[in-house]
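These are the structures in question, set out in turn.
What follows is a pair of complexes built around chain A, which joins chain B in one and chain C in the other.
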Partner chain A sequence: MLYSTAGMEASTYTSAGSAIAVRRVRATDIPQVVALDERVTGLAKPDYWQDALSRYGGRRLHDRVFLVAERRGPKSNSTIVGFIIGEVRAWEFGSAPCGWILALSVEPRARLAGVGQSLFKAIAAEFKEAGVNKMRTMVARDNRLHLMFFRSEGMMAGPYLQLEKELD
Partner chain B sequence: MAQRARITIPQRTDGVGEIDYGKPAAPDFGPLARDRIPVRTMVESDLRSLIAIDRRITGRDRSAYFRRKLAEALHESDVRVSLVAERDGGPVGFIMARVDLGEFGRLEPTAVMDTIGVDPDYRDQGVGRALLSQLLINLMTLRVEQIRTEIDWHDRELLAFLDHCGFHPSQQLCFEHTLAAAG
Partner chain C sequence: MKLRGCAEMKLQISSQIAVFALLELAGVPERQLAVAEIGEKYGVSSHHLAKVMQVLARAGLVRSVRGAGGGFAFCGNPRRTTLLDVIRLFEDFGSADSRLEKWEATAEGRALHEILTEIDDITGATLGSITLATMCKLVGRRRAYAGQASAVSH
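Our next item is the complex of A and B:
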């Protein structure tokens, strides 16, 4: 498994003939993250991603992870083709320490090339490094893309229920 | 030709079905508990009480967790709404939540309640209801439209409590992966 861990520069792996590196996010990546997210969701949310950078890329880096997958071009230019965000949560909701994946996105044109899998494995390694042995996420039941992806990575139904209440 | 069985609707047996406008309004789960039990914003000096209450509930020393949560509540930029209930001159319960800008693909401002605890000596006295109902009122003033939480489905006591307080399952599914087996 090739990936970058906290504070390290990127390791690389080759997939479908192109070099992809997974590394910690940098402030200069955020415009590309915003653009990628806008292409995927149809909504531009620059403030949201600045906040995510500050929360997951700037503080408590031993248990918060914001990784990007970068495709390196022939002239040392690079493009962000995916990102994943997670956090080790210890005792929230009464659960023993566990890594939670909070966001995952891959550039549509770069899919089916192992980018998501690399991000997934990289964050799994970060969580293991942080000392937890379980990783969880929540997926909307109509989000077939993420459901299929996480199932294909070996994730199984977990023991947690998300409950909600409207405030009106 | 065989005759089809018909469903019989039971007759009402306890008087007329008209609205009684003189009847007191049915209380939601909150007002009575809120009136009886003072609930206030959490402050730094509550830390020792929170740790002690939690130790009595869980049998674990989770000081580091509560130190971190309190620091988040008081110093990090996210909007946190954390409260303490008092009886007999001291904290007997707490609830911790934050207003989230969205995770797991959701974008709407949502409050996430992640910690709640009531001193075992003060259980079944409405402390949890007072805390939760005050939290909901505070969130409504912040124009938050939804609160959510995640619980272990084996935790039936908490599940029953939240069910009674109007929570229902969301459309999100939990997935889990054991890292040790991931290789």
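Our next item is the complex of A and C:
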């Protein structure tokens, strides 16, 4: 499989007979990203995704990544079936430069078809291109779907524990 | 770092045997293995293993295959069966609720209960996130590392 790299347009691969392309996000994708996120989370957040576009899809593209997985239809129409966002962060929490996966979502009807895996591999390639050799994410303990996915991609528990406190 | 006297989480022998047997069977689709073959590899009696396999069969994870070359075959979904699913067939994982009854009389007991529950939650999330398919990948990686190390030492 081939994937896009920073600054390049889409590379494609074929999965279960349908062409899926993983590429950098475009402004015109945001309505579909908002709709996909709403289908998955039950909450529409158009302002948040517009802001995410400017933060991760508009500047510092060498260390910020916002990728979408696009299924191309027979009449050159396309559907966004997943997206992933990440960023190379350095020295926070005492951590050496590392790629963080900040968001991942796959269209429920398109799951188990390799979309998440393609997005994961594509962002790993982007992080390598950016010069880091480790990536990290944070998942809610009760989110078995995401935990199982990241585990299946070889992610293991890291050296940090997340702590929090209710404010009085 | 390990605290003195603190080892990794302990699993009951039946749980360990069940995981090993499932990895043997799920790792190679359509594979059939006799109880004695699995038992020999892990140093477990056929009697004990047979009991474990009965539990796995009742849970729909393996089926017995009769006739020459028979034994057991995997029939579950390796991408959806987690270590927690398997372990829960053999032991009462995360018995925080029963502990609470004993300790709720004191603030110290409740505080300790809170910490132990936190540990149980993390352990449960870990075991519940690792499928048999993921374990098979881990086993493959360990074999590859061992192969590389062996090649270097020669």
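Methods note: the second predicted complex is superposed on the first by the 167 of 168 C-alpha atoms of A that agree within 3 Å, B and C clash if a C-alpha of one lies under 4 Å from a C-alpha of the other, contacts with A are read in each partner's own complex, and residues count from 1 in each chain.
Criterion: contacts are C-beta pairs under 8 Å (C-beta built on N, C-alpha and C of every residue); 3 or more make two chains touch, one makes a residue touch a chain.
Everything numeric here is computed off the predicted structure, so don't read it as measured data.
Asks: With both complexes superposed on chain A, which partner does A:L43 reach: first (chain B), second (chain C), both or neither?
Replies: A:L43 sits against chain B, while chain C stays out of touch.
Asks: Thinking of the overlay built on chain A, is A:L61 touched by chain B (first), by chain C (second), by both, or by neither?
Replies: neither
Asks: Considering only the touch criterion stated at the top, classify A:A35 as touching first (chain B), second (chain C), both, or neither.
Replies: Neither chain B nor chain C is touched by A:A35.
Asks: In the overlay, work out which of chain B or chain C sits against more residues of chain A.
Replies: B
Asks: Looking at the overlay, what does A:L147 touch: chain B (first), chain C (second), both, or neither?
Replies: A:L147: touches chain B and chain C.
Asks: Thinking of the overlay built on chain A, is A:A19 touched by chain B (first), by chain C (second), by both, or by neither?
Replies: neither
Asks: Following superposition on chain A, which residues of chain A contact chain B and also contact chain C?
Replies: In chain A, positions 141-142, 147, 150-151, 154, 157 sit in both the chain B and chain C interfaces.
Asks: What does chain C use to touch chain A in their complex?
Replies: These residues of chain C touch chain A: 79, 82, 121-122, 125-126, 128-131, 133-134, 137, 141.
Asks: Tell me, which parts of chain B touch chain A in their complex?
Replies: It comes out as residues 58, 62, 65, 76-78, 101-107, 110-111, 114-115, 136, 139-140, 144-155, 158-159, 162, 165-182.
Asks: Inside the complex, what are the residues of chain A that reach chain C?
Replies: 141-142, 144, 147-148, 150-152, 154, 157
Asks: Okay, in this complex, where on chain A does chain B touch?
Replies: 43, 45, 48, 51, 54-55, 59, 85, 89-95, 99, 102-103, 121, 124, 127-128, 132-143, 146-147, 150-151, 153-168
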